[in-house]
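Next, two complexes with chain A in common: one pairs it with chain B, the other with chain C.
Right after this comes the complex of A and B.
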């Protein structure tokens, strides 16, 4: 697990970016860090692989204090994907980009190439294997950045704003990929303000406001709490907003903790089948 | 309706690319419309926008055919500086647009460049600040602002040019939900008040589509749907189209069979109205 214990972080300019953050991230979880621009999400992610060390407090990755080891050795365990994928690329082809990283982590050339091939296939990028990473579209670059990290199989993957620049198709694919990674017992932390995406994928949500954790709990609890979300400058996702409105209008025994689209479909169809083909509320 | 933009059979291929970025696009957009462009990344939205202000083919070279008329001008031959007085374009990343030491200088820069009088510059700058609600940022450095503030400054600097057409390429992609929603509401308000034509590309359809008069969907350089937004949503849902993210409320209504002959709901209010309408 990754443990953040009373973590404070102050930038050299004096700005306090994190204030007394306490957090535990386990394998098999998909934790979404959410909050407005400047809330401290990226700063927090950079602590997970030791890129930033806390000004006070401590961060431990599987029991190892990040101050006692190197970013390189921590990165083997915690893969960090930056918001702007251009910052990660420097090779001449997509294929080299993935295999180079693997060889840096000590994989033999043969194994690196085998894995690169496999991961590019999973992320639907194999057709670009000989292209320059810089010729890819925004969504493809994002997928490549994630695939580079996934290739070396870190225990934890931290992704800064995974959906920026992704279209509907890209998001659906990403949701499937993240769920698969979780099933293979990876711990995933992502920062996002895309509430609709987070609704479909996160098991847990941590709300940040000006460097402080203001809420930490199951996604289904946090994302159905309009008051908390408003405090963090986030919109309530569409499904819980609708469900609350339906409840207010008198649609009985509706589980207002419904978050995902397929849950809402299931739950509303059940109600319709019980109440007959149509619902009669106050205006019916 | 007076046509502000007329595109006839436009195709474009970037120099060195084997793929046509735009293929036989024909499109007319009327004065005062709020047209939303949607489509998977790489579908050609940004390329099309660049054609409307003349960046294509004047700055980006390639194979260009067809005819584009914007406010009576042909952007392929009209100087871009002249096009820019009719068409204001806001890019996805505001950092590419901001450069001055203060927000005020950033907004005034283009106005000085086109040789306006001091008093006129002051009038326009003040108006743009008021519309975007950023009077308090006037003397700040653009680089110490938050993402949402920067995007507002970038839009203000374009509004100050008093364009007849405002084009925004994914203006909310880096903004949090509350800021994105506010920005889109402001744009709708500006459009109504100033009667300018707005063209916007946006992934978050749930936030933008309720203000839209048109929804235009592109794929691989072609327009595959173009109509009133609810009608387009119906077509996309019927086809189980997954390349763009459709509003969840619309998808839920469709999955529950709540849309029937009625229009596809975009908001919770419309959803509830449809719900009560069943069987009646």
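Right after this comes the complex of A and C.
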């Protein structure tokens, strides 16, 4: 469990980036930190592996206070993927890039090679094992950055803006990977503006506004609340918008919330089953 | 020489009478400090007087510019190299006719002179923005392509510093420890910072070159400028003060005021 207890953070320039943040992040959940630029999402992520220490309050990772240990030892438990994957690469080949951190953490050469091979296969990057990481496409670089972290199997994975530079298929693939990681009992924290992506993947959403948590709850509750989303300068995802629009026009009286595609199909089937004849009548 | 020496030369945007001065006046003052520190004072007494006066004048001016603490940062950062100058000057003790006291005073005066030389441009760099610097270079008839290159480099320095910090954070998150281990291990760890920084900088340079081409950089030989330096009465007055001070020093030096022992 990662615990943030009354966390405040002030940059040396004097800017207060986090104000009294209280959060608990458990394994097996995908928590999305959302909010406008400068809301404090990246600052919060950097607290999880001790890169930033709170100005006041405390952050604990599985009971260990981040102020009492090194970033290297915390990173063993909390893997952080940076927004710009280029900042993480410096090795000659993709394979060396993945095995580098494994060697840092003291894995044997054989085990590091085995894990690197396995993770490259999982992330569909094995064909690039001898290529330079800098020659990969944007989506491949993002996958490589995540695979570097997944290779040492941390209990928690924090990903800063995972969808930046990804095309539609890249996002789809990333969603599947994240859901697999969640199923393997890892806690995942991601920061994103991408409401559609978050709708598909997150189990929980935390809304930040100027360093404060303004909402924290199940994704289906937060992402179907236009008022809250507007406060955090976010747009409502398309599926809840469609359902709300249908409701506003009197087409269907739905009390349950829809966020994902399968839920939307269920909602729409319900509406059509009630008003199908009406639609057909109008159409004819 | 530590990085704090360079950090102390970084422009800070403040609204003070010194910041508002025309950069040409500040350049004139800095050049005067430099020339005075290098040329005047033949013996240790004169050297000590001249160099101390320069540092004191800088301190007063920087106090007005609300930046005096950066002069102290420069002095602190320069201490190792100033110490080296002191030690090298002590080599004079090896001469058979050398008097220990005399050599010691000479070494001290040389160190202070070196410090005055190092800090002579502090007032200029701390209070002149990259844009003003560019306008100054244009006034000095330096071709725009060189002026632009220099100003762009100065402007990008903080961006690259931030990026270096991001890369360091990314590497620390992969288990790299920059503060631990043997010097060889630490230097090896820095390779992980240098490579991505270089690649990102090259990429940025290409992108900037393309952006400049898109904005028709160099389309005409005689470009117009949005802002030009205009000297006010205050600037003229400040120039007169600086030139008077320099003339006074030259006159005093001519009279041999800085030649003897104190």
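To be clear about the criterion, the second predicted complex is superposed on the first by the 267 of 284 C-alpha atoms of A that agree within 3 Å, B and C clash if a C-alpha of one lies under 4 Å from a C-alpha of the other, contacts with A are read in each partner's own complex, and residues count from 1 in each chain.
By definition in this document, contacts are C-beta pairs under 8 Å (C-beta built on N, C-alpha and C of every residue); 3 or more make two chains touch, one makes a residue touch a chain.
Computed from a predicted model, the values in this text were never measured in an experiment.
Using the contact criterion defined above for the overlaid structures, shared-chain residue A:86 touches chain C, although it does not reach chain B. Within the superposed three-chain model, A:49 lies in touch with chain C and out of touch with chain B [touch as defined at top].
Of the two partner chains placed around the shared chain by superposition, chain B is the only one that A:235 touches, whereas chain C remains out of contact. Contact comparison for chain A: of chain B and chain C, B touches the greater number of residues.
In the superposed model, A:72 lies in contact with chain C only, and not with chain B.
Judged by the touch definition given at the top, the superposed model places A:153 against neither chain B nor chain C. By the touch criterion stated above, A:214 is placed in contact with neither chain B nor chain C. Touch criterion met: A:100 reaches chain C, while chain B stays clear of it. After overlaying the two complexes on the shared chain, residue contacts for A:134 are found with chain C alone; chain B is out of touch. Shared contact residues of chain A with chain B and chain C: none. Across the interface of their complex, chain A is touched by residues 163, 166-167, 169-177, 191-196, 199-200, 203 of chain C. Against chain B, the residues of chain A that register as touching in their complex are 35-38, 137-140, 161, 164-172, 193-196, 230, 233-235, 237-239, 241-242, 245-246, 249, 261, 264-265, 268-269, 272, 277-281, 283-284.
Remark: chain A residues 46, 49, 51, 70-72, 75-76, 79-80, 82, 84, 86-90, 100-101, 104-105, 134, 148 touch chain C in the complex. In the complex of the two chains, the chain B residues touching chain A come out as 39-42, 146-148, 173-179, 181, 203, 206, 242-249, 251-252, 255-256, 268, 271-272, 275-276, 278-280.
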